[in-house]
Amino acid sequence: MTDIATQLPTETEPADRHAGMKRFFAAYPPGVLLGLSWILLMLILALGADLLTPYSFTAFDLKARLQPPIGMGGALNHALGTDELGRDVLSRLIMSIRMSILIAFFGTLIAACMGTLLGLMAAHFRGKVEAVILVMIDFQASMPFMIIALSVLAFFGNSIVLFVVLMGFHSWERYARISRGLALSANEQGYASAVRQLGAGSGRIYGRHVLPNIASTLIVSMTLTFPEIILLESGLSFLGLGVQPPLTSLGNMVGYGREYITRAPWIMLAPSAVIVLTTLSISMLGDWLRDRLDPTLR
Amino acid sequence: MTAQDSGKPLLQAHGIAKHFSVRQSGLGPFGRKGLLKAVDGVTLSVMPGRTLGLVGESGCGKSTTGRLLLGLMTPSAGEVQFDGQPLAKAGTAEWRQQRQLMQMVYQDPLGALDRRLTVGRQIGEPLEIHHPGMTVADRNERIVAEMAAVGLQPHHAERYPHELSGGQRQRVVLARALILQPRLLVCDEPISALDVSIQAQVVNLLLDLQQDLNLAYVFISHDLKVVRQISHDVAVMYLGRIVEYGEAESLFRDPQHPYTQALLAAIPSVVRQGAPRIAPIQGDPPDPANPPSGCAFRTRCPRATALCAETAPALQTLPDGRQVACHFVTPDTASRPGRVAA
Amino acid sequence: MLSFIASRLARAALTIVFVVTFAFVVLRLSGDPAMLIMSVDAPPEAIVAFRKAWGLDEPIWQQYLAYAAKALTGDFGNSMRDGRPAIELVLERVPMTLAITLPAFLIKICLGIPAGIFAALYRNSALDRLTMMVSVAGFTVPSFVLALVLVLVFSVQLGWLPSSGNDHWQSAILPIITLGLSGAAILARFTRSAMLEVLGQPYIRTASAKGVPWHRVVRGHALPNAAIPTVTIVGFMIGSLIAGAVVVESVFAWPGVGRLLVSAVSNRDLAVVQAVLLAIALSMVAANLVVDIAYGWLDPRLRRGRAQH
């Protein structure tokens, strides 16, 4: 982390407060700050879901079925309204955010680890190992992942663990490609071959040198994968093939709310808005990070 | 300059070769496979504390030869011996141990350094690798001493590579290579990426270090002036083979092979005044994956005849110890000092 | 050029083999087919007879070869739901899917490419900002949300268009718009960046500095060069003509291949899933093949460079 800090131009004391503010907003545009705040809010909701939900997300309130949210004639007790069974939409939304973010987080982590490992293996071993990994990358890139995911779900049935692992297969090939390319160039004429030549073992070469050097590129790629997995997960859950009730996720809620689109559109609009805002925020953050950390990517 | 000739050579290569298989262009994956002979039967030796210059145009295999000499690549044929022992296979634990004795200096110091670590850390890294038990204080002491030896200030240790000048970076690479007190350095174009004013400083540093530490160098360069200044012996390479090999001063004064003559003719100041001008070399070297028959140099040689297209000339030893691979240079013709018989 | 096409064909064939292998491996990993198809309390001798009849007692590689041979003729067995050959079910849905994806494809091309080109030519103008905003939305709004919002506005609020089904030609309008809009946004973003990259090249600046009229520079130099990367994404869109409407078909209850796949997955109708998988793989591979050849034709440099590895 300290390495990144030293790469940034060192700021001198601002002459006056106004100029300092200006420079601050040039470095952190308002859009990015808003996106960042939204992501923070989502993280707080996801981590503190149990404390923050006003009701249990499965609790019925049969007296208040299909109650509209505040602003559409609703009352304070159910701020975002209720669904057909009188369950509190806000509580369900918070639990859904937690589920979707957890799935996207682990999915991204699995994809990044697996892809990076395979990419580094391809670069390290070359030859047959590399050929096999390249064919796998080709295959993954030539089929829409949604179709692969659907077939796997058809064959294996659904469970939450399988589903998370499956999401982790999304876009692993991106990390494999990036890490293979960067490791190859580092091995061929760069610092990695220099360190190897000093007598360092593979653990030191990859752990101490190659990974820290490609980390920023990988992190930027993770900001691409994260929203993609949210979209994929919510798409599958929307179709009823992802997260299964009684668990709930954002896509799941939209799918459920679609039945009540004429009578209670808020059930479907609230999670939709969360999906759009979250993917938008992370993409913006990713673009900003890319410009800052790694202008060579794409 | 001949004082150490009596000793045993530090580094010896016997007929080393490196062949790569390449696909012939334009034929796709079904194309016939070709063999690129990057290095093809090179024999040479380096004495302790002496410098061997390796010269030639780009693509002649001099860098590959340097990597073979260090054991960074496994030769397709032949053997490299260091201090009388064959080199271990690349990547093995034994090979890693041998790295303490021989090191490499690169053309692009910025690329050879990790831009996320301070240069002090990187200079000390060989100690971390080979002497993991060493205390931090001891290590820092060694780092500062080594930095001083290559002309760096102690405060440079906290800098990152991109914060240093090109010459300073090359000094960092040198310090990192020297901290384990090796006996051989292979320098691959170590100064060609530097400003001309800095080049002389680095060359002088290399000369001083050699004197102080009895280092042996393999100095790879296309800059003949620098090679003349620094080398005790010189090997001229063309398309993977040595075409002329001998004591530096006499080779530069009296080149025998037409290729060496043409190379030297390209630097006017090196050719003696009054000597008949030889045309500098023209055109590009042939494709190494598709070399000409017979003598590889015949396509650009002013003296080429039918014989040159038929058989490749072998490296012959002249009375003064010089080795030359040319049909027109034999022990008899070379007895006349000066030019090749016309 | 011939060997280039041959190498592309080999790669396409390899991908198909990979898909068939994938289906076989997943099928076998997912459980004993005898147990899946026979009921749990079937007598043991019936299971043995079943295994023999289906070749399940043979070595695994023989089973694989037999499977691959059948798969390549499109024979995946019958659907569990209505007993008809799975491949027939898939083929009769293809025209329905194309009925919405082809018009949507036209919208993407006619809207996305010009928008991208003009946004790049008039960089930082209001048009450019609008294009960028819409295209960011196209990336972050999932298609089912866009579909439901369109339903909410045009079916529920305004009552102009039917919200689902396929009894009426108007039923196709909302699915086509949903698919077309999100695709156009992605294409516009891509075309814009391809165009901007080309416009920054030295030869463009040279041409305009020489005094060549700007519209001729754009038509003669910028557009043909920006076309090369754009072809890739268009090719991918052609490839997803069959696969790309899974969610949208489900939202609008449009009886295409995608909806067939979704219902087959929820019913675990494996024969149908495999048939859809192969059909989609074939269409993707065919599109990739066409794009690769178009690439070689547009950019002769690539023909050699790519053929070399």
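Each chain gets a letter, A, B and C, in the order it is written, and its residues are counted from 1.
Definition applied: contacts are C-beta pairs under 8 Å (C-beta built on N, C-alpha and C of every residue); 3 or more make two chains touch, one makes a residue touch a chain.
Just so it is clear, the model here is predicted, and its values are computed rather than measured.
A.B. asks: Please identify the chain lying most centrally, where each chain is represented by the average of its Cα atoms.
C.D. replies: Minimum centroid-to-centroid distance belongs to A.
A.B. asks: From the centre of chain B, which other chain's Cα mean sits the farthest off?
C.D. replies: C
A.B. asks: Measure off the straight-line distance from the CA centroid of chain A to the CA centroid of chain B, and report it in whole Å.
C.D. replies: 50
A.B. asks: Roughly how many whole angstrom separate the Cα centroids of chain A and chain C?
C.D. replies: Comparing mean C-alpha positions, chain C is 23 Å from chain A.
A.B. asks: Roughly how many whole angstrom separate the Cα centroids of chain B and chain C?
C.D. replies: Averaging C-alpha atoms per chain gives centres 55 Å apart.
A.B. asks: In their shared complex, at which residues does chain A touch chain C?
C.D. replies: It comes out as residues 135, 138-139, 142-144, 146-148, 150-157, 227, 231, 234-235, 238-241, 251, 254-255, 258, 261-262, 265, 268, 272, 275-276, 279-280, 283.
A.B. asks: Which residues of chain C touch chain A in their complex?
C.D. replies: Residue positions touching the partner: 11, 14-15, 18-19, 22-23, 26-27, 29-30, 136-137, 139-145, 148-149, 151-152, 156, 240, 243-244, 246-247, 250-251, 261-262, 264-266, 268-270, 273-274, 276-277, 280-281, 284-285, 288.
A.B. asks: In the complex formed with chain B, which residues of chain A make contact?
C.D. replies: Residues in contact with chain B: 3, 6, 189-191, 193-195, 197-201, 204, 209, 212-213.
A.B. asks: Quick one: which bits of chain B touch chain A in the complex? Just the residue numbers, please.
C.D. replies: Listed in rising order, the residues are 70, 72, 96-100, 103-104, 106, 108, 111-117, 125-126, 129-130, 160, 173, 176.
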